[in-house]
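Paired with chain B in one complex and with chain C in the other, chain A is shared by the two complexes that follow.
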Partner chain A sequence: MISREEIRTIANNGIWKQNTSIVQILGLCPLLAVTTNAVNGIMLSLATIIVMALSNVAVASLRNFIPHEIRIPVFILIVAALVTVVDLLFNANLHELYLVLGIFIPLIVTNCIVLARVESFAAKNPPLQSTFDGVFMGIGMLWTLAVLGAMRELLGSGTLLGGIDMVFPSIQPIQLLPESYPGFLLALLPPGAFILLGCMIAWKNWMDARAAEKAKRKPPVPAEVFGCN
Partner chain B sequence: MFAPAPFLLKNVSVSKVMTEVCLALLPAIVVYSWLVTPAILAQLVIATLAALLAEAAMLRVQGRPVGMFLTDGSAVVTAWLIALTFPPLAPWWLVATGTVFAIVVAKHLYGGLGQNPFNPAMVAFAACIVSFPALMSQWPTAGLQLGFGEQLQVILGLAPRVDALSGATPLDALKTALKLSEDSVSVVQLLANQEIYGNFAGRGWEWVAAAYLLGGLWLWQRKLITWHAPFAFLAGFSIISGALWLYNPAQFANPLFHLLSGGTMIGAFFIVTDPVSGCTTPRGKLIFGASAGLLAYIIRVFGGYPDGVAFAVLLLNLCAPVIDLLTQPAIFGMKDKS
Partner chain C sequence: MTANPRTFTAPGMAARTAAILFVFVIIFTALLSGAYQWTKPAIEASAAEEKMKLVDEVLPRSEYDNKLLEDTIALPATAELGLAEPSKLYIARRAGQPVAMIFEAVAPDGYAGKIRLIVAVRNDGAVAGVRATQHKETPGLGDYIEVKKDKNKQRPWITQFTGLSLADVGEREWRVKKDGGRIDYHAGATVTPRAVTKAVIKAVLWANAQRDRLYATPSKGARP
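On to the complex of A and B.
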């Protein structure tokens, strides 16, 4: 079984400490190509979360039966089968969005985030922990891609949640800046993604540095505070 | 980046150098505002204000001494170069965006004064022409009949932007005319139109270019720049444009046209001579200048953008460290490099 402390560690690792996009800097190709708006980033991340959760649980359950020498091809086969399922699901239910995301859904199979989690976590840990790891790593990717997509969209075209009507037909994109906003096209182009991703990494490092400084300055907490449950 | 030995100490400060560069730009600014449009003065003010604000904000965020760096004049030089390369009737926010981008991204994110691998003014130009291609290619037409007050209103967005106000640069006009005519008109016939192309390269603009040349020669005389980079840049430009002109004078404009139009002169004396983002060894400067000139001509004539100087300089900025490394001169007193 899994303890609450374990879940907390896994969640903290996935969402902040080992964040795929701003710490491990993995999966840059879909990150650059897809985050031209928040909705695309979120939807691709959701697809990746499903794949990661399923592939982690599959690999973790089979980890004792997979010969160590050929583990990578076996992992890829498992991931590819799951990606095909997600790909067909998107194609059937969210067809317009599927056309926008295009090649990047099938390409989840080659996404190093998925293989990295399978190899470094699921192959060594029980299925339950691995499922949580896949989900939280995916959530880490989700929020970074959502923030990056929202920033690029706002700077580049002045809207927010553009393309949301492809997921929920009843909701319309929000025009945050006035119609006459000319649009800073650079933000929508790959250099803009690199610059803004760099800013996010800097922000994350700054937050960590500040937290570390605070922890150093604070006097040690008395022991009895911990035992209040 | 270090200059090769011998190291001689000269009594120059950053602010002194920057002041002299600004002085060298003055003749061009005077000619520009007199022959082309006085709106450039407004753009210079906007760019300077934006640069100083961005510089102060970035210095404050980094916790560096604001007063000392703010008064060194480097931000002002960047701002002036940006204002001079942007269309003079562009809305105020365009030049402000370019300047802030140059100071924040191209200068301070790379470590501030003396640390930037790319020329900030050219980064601003490239970022804006990629982002706002339409506004960046609207230049005042040759016979612009508009008072300074009305031009100010256009810049500040108080008066509507009428397309008739602005056209292409002489350089762009020539390229478009050639493309549209599909070889039925020769360059010689087109250049005969003095309304647009003046005597040599562009009505008004040719004298602005001459004023840049004057300012540049003064900088050289003051020993703030060496002759290598500007000479090589102009030579590279002349050689390729001369060769193609001799090959087919009906399709390629003469070298003088290319030397006096677009950003050639300001590029030669104020951009490729940048001591930070350019090369530092004498041979390196020659290679840097000549390659930038060749590349700028190719992008200008065969590319889709109105001018190629900015992109050529940025690409060469990337190569500058390697060129410097490979062109290290022999150490003083030694026979060869070892």
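On to the complex of A and C.
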């Protein structure tokens, strides 16, 4: 079974401490290609969550049967087979959703996050923990890609939620900057994604450094109030 | 990684790993082919449904009662239709009698390459409907040939062809207005509508010339 404490650690690792995109810097290829708007980033992340949870639980259940020497080919086999099965099942049973998510599922094959989590977590931990790890790593990816996509979209074309009408036909994209905004092409191109991702990593490190500073500088007198910053 | 009391020689170890890898490959290949077989009918059904959605746009379902997607004639590459590769022609029948045919046509001279169309022509030579299925025309300028992109929702540009027949409208009028015909176009993008119009008149001429031969051809799914 799994304790509340364990879930909290796994969640904290996935969402913040070992965030796939801004700490492990994994899966840059789909990240750069897809995050031209927030909706695409969220959709890719949702597809990745499903595949990661499934591949983690499969590898964790089979981990005792996989010889150490050939674990990588076996992991790749499992991940590739699961991605294909998910693709087929989506196409057959959830066709409406498939039309939206479908193009993102094959992209997951180029995403090394799945293999990284299988190798570093699922191969050493029981199935339940591994499932949670897959889901929370995916959620960490989801918020990062959503924020990155939203920034690129806003800077690049001045809109927010572009492409949402593909998912929910009734909702229209929001034009945040005036119509006359000329657009900023760099933000929409891969170099812009690199620069903004760099800014996010810097922000994350700054937050961590500040938290560490605070923890070190314990107040000598508990009653003393620090200026809020 | 269970502790194994036996020690292996190098070849024995290699054979064991190979055997295990082989077992994994068998299991996951079986899983894949199982999933493929199991989902195949549903995937094919939704692909057919997509096709029918397109057909519904050019010919209302109330006008025929046969299984249209199964009632096909194989078309060789046809220069008159701009088709460089073999294609399929669907025959719509009502009570066994053909009422219209639906086929693909390609306008080779779009502003940005080929424009693929689906055309339905009735027995009397009237166009039942035309839709653009694939094109690379300039977004926001020439892409109004696609109903979804056309800003005129009441009467999208491509519906002008609906009901048009050579019996009522002479061949010379099947041109955009700029060339002296009667087909509207949007200023600033004449190449695209001209290409589509040319492809449609060619398709209608071809259909009129070939109708008797095609209706006489036994089709794949026709009832005896």
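Following the convention adopted for this analysis, the second predicted complex is superposed on the first by the 197 of 229 C-alpha atoms of A that agree within 3 Å, B and C clash if a C-alpha of one lies under 4 Å from a C-alpha of the other, contacts with A are read in each partner's own complex, and residues count from 1 in each chain.
Just so we're on the same page, a residue touches a chain if its C-beta (ideal position, glycine included) is under 8 Å from a C-beta of that chain, and two chains touch if they have at least 3 such contacts.
Since this is a predicted model, take the numbers as computed values, not measurements.
Colleague: Please indicate which partner A:I195 is in contact with in the superposed arrangement: first for chain B, second for chain C, both, or neither.
Modeller: First partner only.
Colleague: Between chain B and chain C, which makes contact with more of the residues in chain A?
Modeller: C
Colleague: So, does A:M207 touch the first partner chain B, the second partner chain C, both, or neither?
Modeller: In the superposition, A:M207 contacts neither chain B nor chain C.
Colleague: Touch check for A:N91: first (chain B), second (chain C), both, or neither?
Modeller: In the superposed model, A:N91 contacts chain C only, not chain B.
Colleague: Considering only touches as defined above, state whether A:P73 meets chain B (first), chain C (second), both or neither.
Modeller: second
Colleague: Could you look at A:L186 and tell me whether it touches chain B, chain C, both or neither (first, second, both, neither)?
Modeller: Touch partner of A:L186: chain B, not chain C.
Colleague: Show which residues of chain B lie in contact with chain A when the two form their complex.
Modeller: Result: residues 97, 105, 109, 127, 130-132, 135 of chain B touch chain A.
Colleague: In the complex formed with chain B, which residues of chain A make contact?
Modeller: So the residues of chain A in touch with chain B come to 182-187, 189, 195, 198.
Colleague: Within the complex, which stretch of chain C touches chain A?
Modeller: Touch residues, chain C against chain A: 1-2, 16-17, 20-21, 24-25, 28-29, 31-32, 35-36, 38-39, 42-43, 46.
Colleague: Going by the contact rule set out above, which residues of chain A touch chain C in the complex?
Modeller: Going through chain A, the ones touching chain C are 63-70, 73-74, 77-78, 81, 84-85, 88-89, 91-93, 95.
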